[in-house]
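Each of the next two complexes has chain A plus one other chain: chain B in the first, chain C in the second.
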Partner chain A sequence: MIRLFATHRILLPVVSLAVLLAATFYMQPRAMSYFGVNLLFNLAVPIALATVAQMMIIMVNDIDLSLGAFVSLVACVTATFLHDTPVLGVAILAGLIVAYAGIGALIHRFDLPAIVVTLGMSFVWGGLAVMILPSPGGAAPTWLRSLMTVKPPLLPMAVVAAILIAGLTHLLIMRSGIGTVLRGVGGNATSVVRAGWPVLRLKAGAYGLAGFFGVLSGMALVGLTTAADANIALRYTLLSIAGVILGGGEFVGGRVSAVGAVIGALTLALAASFLSFMRLSPDWQIGAQGAILILVLTARLIFTRRDKEQS
Partner chain B sequence: MPIVKFILSRTWIWSWVAAAGAFMMVMALTQGRGASELAYAALSFGAFAAIVGLGQMLVITLGPGNVDLSIPATMTLAGTLALKTMGSDPNTAILGFTVAIGVGILAGMMNFALIYLLRLPPIIATLAASLIFQSIAIWSNRGLRIKPPEGLADFATGRTFGLPNVALVGLGLSILVWIVLERTVFGRWLLAAGQNLRAARLAGIPVEFVRATTYITVAVFASIAGFFLSSFSGGAALNMGQEYLLTSIAVVVIGGTSIAGGMSNVPGVWGASLFMFLVVSMLNSYGLGAGVRMMLTGTIIIGIVIAASTRRTRA
Partner chain C sequence: MQSAFQNGTPIVALNHAEKHFGAVRALDGVSLSIAPGECIGLVGHNGAGKSTLVNLINGGLAPTGGSVTFPASGESRALSAGVRSVFQELSLCPNLSVAENLRISHSDLKGAGWRKKARAEIIQSLDAVFPDHGIGADTSVDRLTIAERQMVEIAIGFAPRGRDARLVILDEPTSSLDAGIAQQLLAHIRQFCADGGAVIFISHMMGEIFDVASNIIVMKDGKIVANKPTSQFSRASLVEAMGHVGVKNSKAAVRRQASDFGEEVLKSKDGLTARRGEIIGLAGLAGHGQAEALARLYFSNTSSWRMGKASNMVFVAGDRGRDGVLPLWSILRNMTVSILPQTARRGLVDRDAEKRTAADWKTRIGIRTDDVDNPILSLSGGNQQKVLFARALASHASIIIMDDPMRGVDVGTKQDVYDMIQTEAATGRTFLWYSTETEEVCQCDRVFVFRDGKISAELTGDDITEDRILEASFEMQEASA
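Showing the complex of A and B:
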């Protein structure tokens, strides 16, 4: 049993989510419906996209502390330019993705600490967001709003979206040739260079992918909230890092899991709903999220350690 | 000239040059008026950044992956609990200070327990712990707005020999850190562990003891900063530590401490702390909006990091 968990790293995130979901349904049986599940996981869609973005960066052994500010900026652009002048809006969002790739290239070219550069970039993104939208406001483009509130048959939109995101990124990162090389950059950059790959371009590519998913995250968020604010997604930075780790990813070595990251994001989003169902005083909600994080990671430690002892 | 060469070879000189540059830029605008007021304000506000920066510097010196993200939460918790204990009563400053230090020691022990016992990466461990600290602060701070005792508030905002008292506290701590790093065995252990953890362990250095002490020290420094900041600003607020997460890391890197670990730089942290404050006042005095100000701050930080890296590769 323990062996099973240790060899299949994806099992632990899945079980964590299942246990939390079962506990939520037990506390609040009415949540066990099409509508209820959609409410529970609605806000998980942008978090899952942000977590996938963070995963791209962690995959190449870096960490992105600017993601929350970036998603906020995208949300501001979506609620203003993309709504008022769609062509200009698309151009700006494309420009932001290119900028992200550029940062990746810069970090690799000068061998800069990613933690510091992204920290600086969080000021830049935050400043731009404040300039675009000094006070909360804006409006979601109609098509985006209807996309985020669509009601597919059988499964709620949030679940369908999560499965789609997990499936597509899994294909991209775990199955495709380029995904394998990208993970190789995190595993051993030197050997990737020796094999004749341009690491500078690969790293820029990983950052570009992160920017792409960051843009999707901001757009999905505006589709749900219908308005934006310069600080709307600042907490995504920490949520996305925690989501990647919860999903079985590691900070070094290119060991990440796309499906795990999405499940980790769903777990974090569900934790918030679960705690409010528990009638826990709001004072303790943030702390309880920290405790859940510690709990899951403790479970992981137990499994990996037992495995080492046995083998 | 050996003197010039000696000065230029010190990595901390650049943060001081940058701080002086920002100071000049403000003075150019005001035609030299308010120079002493600006210097005084920079020393007061820079002191808080320097105190948390010193702690963060010690942690970053421990090597790649070591960073304390719980500094803001620890500051808030220490400030909140200390003010609550003192309850605005006079002559309780020592008691409050003891509470703050106690909070720091407990928070640091909690952080290290998560890192050591659960083998968590420090980023995740301090992040999870900070969520818990934040909750305790929210719970104990509910609807309270307690003023610091008068004597303590006077001390925190006052001056001695023309220097702000908080800057003197920061200076004292800096000298302490400098002596420990440069002149004691513990300092050597810390630097050795940061340069190569495995080699340090094999050489018989008690690396886990060094790491534990460092994580407790950073939390105590954050508590001291939180204690004085809440006395300085007339009460604790739940978001009072917020900006110090970015600041603490930024001043360490701008100050010339190696992000790869194993090399500390105490004077640089001070130069960078003054610089961070002066840049904001410079952009303010040129009448720029909040958005432009933030953007330029970020660009300047990245610019300095790039400049530092090209210097490194040439050397």
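Showing the complex of A and C:
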């Protein structure tokens, strides 16, 4: 069994989510319905998108500390410009993606520590967000609102969205040729350079993808909340990192999993609801969430260590 | 086996190619052409210019002077001319599967079914080079053994990858393969050359070189000193051709005898021993475990928790940037960091003692600076190294471990440091000195030669000659043994 868990890294996140889900349904059987599941998970959709964005950065051995501020900025742009003047709104969002790619190129070209650059950028994004929306407000574009509240048959929107996000990013990152090369940059950048790939462009591409998924995350968030605030998604920075790691990813070496990242995000969102169902005081919830994270990571560490000892 | 192709247009031609790194002439005007069907055995001692030559051919470096051309294909880039390299240090992406690693070096694999094609191609290539390899195309590389990774890397080197491989450069390809697998590789190289490919084969196993090479090129000091068919070499003449690096130092100093030294102060599991006052040399080709042996020795005698008691050893780093200098600190602070605990009073740094020590060592070791408060990076490489020596020697440690400390150091500094080491050894300090330069090792009282991570010979007294060290560095038995 140890070998099974060590070779298929995706199993542990799946099992963690299943256990947590079973426990939640046991505590609150009424959650086991179309409506209940949607309620449990719909706020997980923007988190899942942000986690995928973070995964793109971690995939090339960097880390993004500006993601929460960036998603907040996107939310502000969505609730104002995209609602009032759609063309300008789209142009701004596209510009933000290009800016992300540019930051990636800069980090690679001058060999800057991503952690410092993105920490600095988080203040830039945060400042812009406050300038756009000094006080909470704005409105979600109607099409976005209806997209996020759509009621597909059989499965609730949140589950369909999670499956779509996981499937598409899996195709993009794990199956496609360019995704493989991108993961190669994280695994051994030297050998990718020797094989003649333009690593600067690859890295800019990875950051651009992160920007793209960051934009989707902000839009999804506004579609759910119908309004925005300059600080609406600040906690996404750490949630997204935790989601990637929970989903079987590692900080270095290009070891990431698209499906795992989405599952990790769902687990984190579910953990919060589970703790509420347990009637745990909100004061303790963040600590308890951390405890769940540590538990899963400990299990993974034990599996990989045991596997190494055995072989 | 090569005659049929010998008249073909060369795959690669170097015309007076030169490569300088600053003042160092790593490659000093090399002319060479490699025709289809040739298998070149490339030998030479450390720093002879082998890897620089390889990097010029595979496009990793641009020549400072002269030219590198690919006449047979008419291409200007090495990759498109079908030149492949298999490097000694493993260069696979460990997080990807075997087939995905092929994709990294084969950019033409595109479209929906690329995985299937990649799987087929890598398995075909593995089958061709290493029958019965037992490696799955979907296995993640980090789950393979070192030998299997090396096999995959070689297989990727020989794989078609859109255009056929014309010249494959193998740098110590058999270093982690066992004899049987190595034989499979040699057989494949012969077949590959017979079919019109060319190979550059770098190895420390003489048996393999004689076994597979059609020509042997001997390099020394950035030049090609011999380029002849293998049949015109014998083992002895090959060692002879590689030897005699630089000027023969007339050894004025009389060799010290075993009786001149004190009791044994050190004995490691690897078999290294040292007596008080002795200068021990560690020799052999670079990367054969000398630095690791020293690091093991040092770390087993120090503790991350306790200070003081265990620190009868100090370490002089050769890779100054990585584990030597503290780049933001002044010369003085870099020098005195090792003696802080000894001079500190009630946990506070004694600045006067620091200054005295720095001034003392500045004159004793001859650091060329006006002011020891200048930043360390204002010094030349050689003087930075002197600061590191001062740091080690200023401590009370009786055993000094030196990991190739003379890397990139000018001749004048070297002489200063040699004298310093001799003087300090006379006062009863023990030195363990790993050097890639044979000339330096020859100054030691006793020499351990490393090969494949183990000690292959222990030389003493008049046995410490360049020829003996070379002999022990290269595997002389037949590879098929």
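Throughout what follows, the second predicted complex is superposed on the first by the 311 of 311 C-alpha atoms of A that agree within 3 Å, B and C clash if a C-alpha of one lies under 4 Å from a C-alpha of the other, contacts with A are read in each partner's own complex, and residues count from 1 in each chain.
Methods note: a contact is a pair of C-beta atoms (placed from the backbone, for glycine too) under 8 Å apart; a residue touches a chain by one contact, two chains touch by 3 or more.
Values in this document were obtained by computation on a predicted structure and should not be read as measured data.
Participant: Which partner does A:241 contact after superposing on A: first (chain B), second (chain C), both, neither?
Facilitator: Touch status of A:241: first partner only.
Participant: In the superposed arrangement, does chain B or chain C reach more residues of chain A?
Facilitator: B
Participant: Classify the contacts of A:183 with the two partner chains as first (chain B alone), second (chain C alone), both, or neither.
Facilitator: So A:183 only meets chain C here.
Participant: Taking the superposition on A as described, I'd like to know which of chain B and chain C A:227 touches: first, second, both or neither.
Facilitator: neither
Participant: Based on the superposed arrangement, let me know which partner A:253 touches: chain B (first), chain C (second), both, or neither?
Facilitator: Only chain C; A:253 stays clear of chain B.
Participant: Looking at the overlay, what does A:197 touch: chain B (first), chain C (second), both, or neither?
Facilitator: Only chain C is touched by A:197; chain B is not.
Participant: Within the complex, which stretch of chain C touches chain A?
Facilitator: Residue positions touching the partner: 60, 77, 79, 85, 87, 91-96, 100-101, 103-105, 107, 109-110, 114-115, 143.
Participant: Once bound in the complex, which stretches of chain A touch chain C?
Facilitator: 7, 175, 177, 180-181, 183-184, 186-188, 190-192, 194-197, 253-255
Participant: Provide the residue numbers of chain B that touch chain A in the complex, in ascending order.
Facilitator: Residue list for chain B touching chain A: 65, 67, 69, 114, 118-121, 123-124, 127-132, 134-136, 138-139, 142, 246, 249-250, 253, 259-260, 289-299, 301-302, 305-306, 309-310, 313.
Participant: Which bits of chain A are touching chain B when the two form their complex?
Facilitator: These residues of chain A touch chain B: 63, 106, 110-113, 115-117, 119-131, 134, 238, 241-242, 245, 251-252, 281, 283-291, 293-294, 297-298, 301.
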